[in-house]
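Both complexes below contain chain A, partnered by chain B and then by chain C.
Let's look at the complex of A and B:
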């Protein structure tokens, strides 16, 4: 009996914790049903948008961790990326090397901008979000000044493809076809594997040398990594696999199958390990076996014609997804470094962090630099995928949409995870794709659907900020009995006032 | 020397720079040969046009909610009031029944509707802001954005008969910009409109002296509003509100209901927003719906900050000086820029940089918190 209530409680708290996400998922499902759009269209659109936007949304996580709230200042990272893209296109570079050059230009710019923003935010502690929002608009103004007046007006630039016919100012849109379009998307899997192999080879060689010099202790993991990558590299020479890998797009069905196989192998290794090596009781086998059954079920579902059609239709660019996965891994790994721990402490309470000898201001600046650099890379991925660079519009809504997506995934001002970011991107962009059609079916007017999705993106931010502030305010009014949070000492008059009221 | 330093400190660096820039622009434009009379009547018109919207910031700041970015709520109420008033005027055919009185009645009805809606919305909004103390500005910005987005849906769904409001040949949806020429547009400020539609004894409302236009009616209305607000903050109620905004703890101990005062301040601010947008539309001659009011809150906030207000203190003089400087720069920059370098978008870029720069500056002056 008690177990039953426990399960109910768990379900209840799961529902409560994820109320934003669940509500949004319900809206999405309703909109999908109303819109009557074919699933292939929706799934394809959603995956395209995942490729474009997830990286930027993931760039928001570190500032949340460091207590800076939702970083409305990522607009500035996007601006850095766009300056780089303009330079690269102007100089006539293209392809993957052009993209690398863009990264090389964008990164130092973003580091500089992030440093300045971090410094500014340190002067406005507690008002970072509103400051970031205004800063975004301010940066947009400076960007327009640069692109409309200074380029051509002060710096002579002669390129009729890029410059407005009067000779001053950059055109509204810059076509990236033929230079940077799909520069990242179209990298072939074979190349990725080859580069990966040589990188791992080099790292392992350095490690071996260091080991021989007795400066580094080699361990099993190093060899396993090298072995796996080497095996992959070796397999890639088998003709069938080589042909498969020499494309740049991966069918969703293949991707799903591959992921399922890898997951299944991991579970089987777990089972084998627990039976023959650890010799644990059979009870521990329940979870892996259930997981295996689950994978099997998912794989079975892919044989249903409707689902198979969708899966066969959608093609994923490989490298962007690997980059997204890499960023997830980075966000996860940074937590176990000293820097990550410091950020966490600063995020929880600045006074506690200060007392334990952490340089609070510096940590916050570093968090801002990382976020700005990641946002600039995210914008590069976005631009190369979309293929046309809208000079004065590409960056304006990025913070708005990225933050709304993160919040839809169930994140808050103080807590955000990779999982929430990815779920958020899927839900938010599903609504974005189906809303106009749903609006047309429901109100006979596609424009209403479009306005509705804008309303939702503003509304979800307003709601979530208000809920956060409310919670925060309640906490201040009724300080927790065990140990008062030192971080809020500056605001204590308000708490005292409330006590008097009570 | 000391008095000089005192004066400098009183003015403050940003106001000094912006003031000098304004004077520079005025001098340049006169040197370039623009008619000073036309220039100054333009500046005056824009000053009065935005004045009330900026005035709406004062009760918000004084009652302690900070910079009211959520003024869009009041603006939406004012627009809704105008739209309803115009539709009623059209349905009842007031233009033929009442003649010269029709625009007046429409204007009054618009104000009435706008004020009632703004008062209700403002009270609710004030109650929300009391629950998010410490983050009012972030929350109010996004509440403002959401309201505009929501109103977009409303504008698109309203089915009105008045051809000046709705798209021709479409059952529903209002125009992006609705002309007020058949209604109350220019009633208080445009000499041409006043001379042609109003009886002779009302011709003093707007007249010309040479090239210089005097929108006397609008000047009087704006002055009256300023005076009312000035008087209000000298009344018992207003002093209590200022005290609530200044020091919540102290005010509570003296028995003043701080939360109540904040709600009142927000409501008054919202109502002034509604009145402000109606006067704005009246002067401009057009009703701007959809996304046009999205950033008006930012312009108002920037104006009062340029005038020398802080996030905690604001006076009527800040409204007057700030609006004059901000709008003055925008008005004078356009012809000057067009004459010197032919980049028509530069004033718009300047507006973005100045308005957001000044808000950032003001925020950085108030360390440690949103308030």
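Let's look at the complex of A and C:
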């Protein structure tokens, strides 16, 4: 039991567990090298894609945890969003208020659709994925019926910009310039801080009221949150910071610096806490100090001209990234609630969950509603960033691409995390950006790169589903572990831990 | 005197689709008592427990008759949740644990302790934050209270020894507040001896706390070791409620089995052959079958030519695995000889090519092509293996429709298969007629050895008699060696020459059909006669 074999074993199992991701990363690196595109172009493209697509991919996580598998039904959420966008554009709203109106229309629609899909899935347990896929096509058909026939045909709509010249049916593309384009991307940071402050103020006020009504116990965290946000709001009035915050785009370099500063502050607080408050020995300090050194190193790297150029070139829209971060936080937080625990239990075994008194069907429906609503919001972010709304094409592929991205990140039918979603989006879309160029360089034909990425995205889905089926099969056939005599096994959990310590 | 019982189930009857599985059964349990519930497979133990737990299966099939009293008060338990609220808990035979969760999560499954947050105040308690420190303290307490100091509450359940999983299950039931009655359904079936002893100790510990225990088991020695009293069921009927002190093993076994053995088969046909130890039809040497749930672990037995040989024993002991191994449906080890020739069981169809035919216990899964016609079902195997019912035109083989049709008609007549015609789909026949089709197919192979597995499972009494008579008939008239595997001892005893009782994957003992009920009962429970004394 030497340390060496242990490390090797761990490295081996790490490689094995992440084989899809590693293989994909290798393909990406090769394609980047082959394409010969400048890094500024690639990184900028990747961040644009992250802005557009990550939210939708993150919407897939909850159904996976609840045992519903990969939710091909997010198409239906996207459809809800697109109906809302059409309405808002038709009524002539625009800007951020237009976007809020879209959310207000899309959300109840998505809740309704999610509920119906959840009900249907409960009637065909075990076949959710294929049902979701077909349901996506079905929803597409109904959507076409609505947009091609009913709008203009039955509901009179008079708007030559939106409607095909005959007066029946919506045009192929709707230009969002001037109304919803960049409605989220272009929100200024200073406005975000202001709104955030008032929201936290309101929440804190509610908490205080509940506290006074003796229904809720205020604790330290509530005040810290309010303090931090209040401080942020306060310093946004300092002229230099106000000027910095009054733009809507954040340079990648600034963003990176800001993230590093926040992380460093967190680590420093940890160090301070362990020395002066917990008075614990130095062992606890190793990790924070290493982390600090790491941050320093990363910051140092930004001074290398090549990297600096890229970082200076790329500008991020702020609000979409905050929304993505918020969704990651939500996915994380929901797991620490009773609902989250119920979802995990249902996801592991429906029969055990039922025997433990958990309402399995209800839990699954809730998971579907959450996923569908998140998918519709994701589609809104996508459309406002792209700026043109392809009426009959925007939603058709989102499920396949979002699912492929999630799987590339190393997720499976039964397990998915925020990290996997984000890594997946980065890898999958890097390939999307460089594949045509690489194809052109290699075969003098950009179309081949195009074929390649389609082949890869469907291939990844097929492989993952096949592996899932294979695992299921093995589980069914494999015998249960034999009982071991108590005498030997009494040690086993301890022994295992010992090995790790060694 | 009624109120001294914690639980009394009075005069319980239950019908499944016209089949009476419980007939006026009584079950009474005192607080702090370990009460054993014993009976053969199919005696009605599970149905009784399903009624106690208000399982949906009871209510979807028309409910039950009789009355349940908890602490002297009449109670209606109509769903598992009510049972839980009444303080009834169950330690399942198949673990209701989630392997990917840790011990605490499993113990608190569905009963998590939440901490209200501002959100949950507004949107309901589904958004409560989980209070893990409190829950792991509770889990620790429950584990300690059953003496399981060495199970860590934060360890993952996956990879734990089976025994530990069982203890986690028990801890979960103990952790429930107000638990008064705990049902252990065959808890020791999957445990090793050491673990089983530990479990019995824990049961005593729990009973000392005043919690009553219903202990369902086939292992009569364990009943004698740990129980205070017992209820014996047989064929859905209440036989007796006894204190353990006033009874012994042999008597229990007798009460469990005790019934007259009807001669299902005409006596005139019986025992008119000369069976000789020199002429062996089938021989097993150190035979293993890796069939999940029905493992055979090293079986040695010789079956004589012309004999009707029975394999009996409890479910899960391996008797079903014997036949499935020979037919190549599961991996095997060891040697099997048919008429002295070693069979290579890794080749599918090897048994069929050596004149061994098989009627599967899994009629609808393995036995029949449900969507195909009766004719196709009967002639299929013979067509594949023996090239029968085929006309050869050069290299091309065509179905000889007329011949197959004629044969099927003969079979329908011979076995009295109730159907609309030879082309009716097998899936649309009743259970008994499906079984006859299976049998017809096996006979069409004209086998020297016929293996029938659970031939009368789920078929009515008339069909049962016909099937058994026919088996005897082909044995006597054509000298076919018949190996019959059955859970119904009566059936085995009515026509077999010898019966091997299988226990834990091995032949426990080979018995004669006219051995005493007690001897059979003890053998089924895996108890040697000398231990019983």
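Definition applied: the second predicted complex is superposed on the first by the 473 of 502 C-alpha atoms of A that agree within 3 Å, B and C clash if a C-alpha of one lies under 4 Å from a C-alpha of the other, contacts with A are read in each partner's own complex, and residues count from 1 in each chain.
Criterion: contacts are C-beta pairs under 8 Å (C-beta built on N, C-alpha and C of every residue); 3 or more make two chains touch, one makes a residue touch a chain.
Just so we're clear, the structure is a prediction, and the values are computed from it rather than from any experiment.
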Applying the touch criterion given at the start, work out whether A:223 contacts chain B, chain C, both or neither, answering first, second, both or neither.
-> neither
Check whether chain B or chain C contacts more residues of chain A in the superposed model.
-> B
Kindly classify A:237 by the partners it touches after superposition: chain B alone (first), chain C alone (second), both, or neither?
-> neither
Does the superposition put A:451 against chain B (first), chain C (second), both, or neither?
-> first
Is A:126 in contact with chain B, with chain C, with both, or with neither (first, second, both, neither)?
-> first
Classify the contacts of A:329 with the two partner chains as first (chain B alone), second (chain C alone), both, or neither.
-> neither
Is A:348 touching the first partner chain B, the second partner chain C, both, or neither of them?
-> second
Touching partner for A:465 - first (chain B), second (chain C), both, neither = first
Given the touch rule stated above, what does A:142 touch, chain B (first), chain C (second), both, or neither?
-> first
Contacts of A:210 with chain B and chain C, given as first, second, both or neither = second
Which residues of chain A are in contact with chain B in one complex and with chain C in the other?
-> 490, 493-494
Given the complex with chain B, which residues does chain A contribute to the contact?
-> 120, 123-127, 129-131, 133-135, 137-138, 140-142, 144-145, 148-149, 153, 166, 168-169, 443, 445, 447-448, 451-452, 454-455, 458-459, 461-462, 465-466, 468-470, 472-473, 476, 490-491, 493-494, 496-497, 500-501
Could you pull out which chain B residues touch chain A in their complex?
-> 128, 131-135, 137-139, 141-143, 145-146, 148-150, 152-153, 156-157, 172-173, 248-249, 252-253, 258, 298, 341-343, 345-346, 349, 352-353, 356-357, 359-360, 363-364, 366-370
Complex contact set, residues of chain C against chain A = 80-81, 84, 92, 96-101, 105, 109-112, 114, 116-118, 120-121, 125-130, 150-152, 155, 159-164, 190-195, 198, 290, 292, 295
Which of the residues in chain A come into contact with chain C in the complex?
-> 203, 206-207, 210, 215-216, 336-342, 344-345, 348-349, 351-353, 355-358, 366, 477, 479-487, 489-490, 492-494
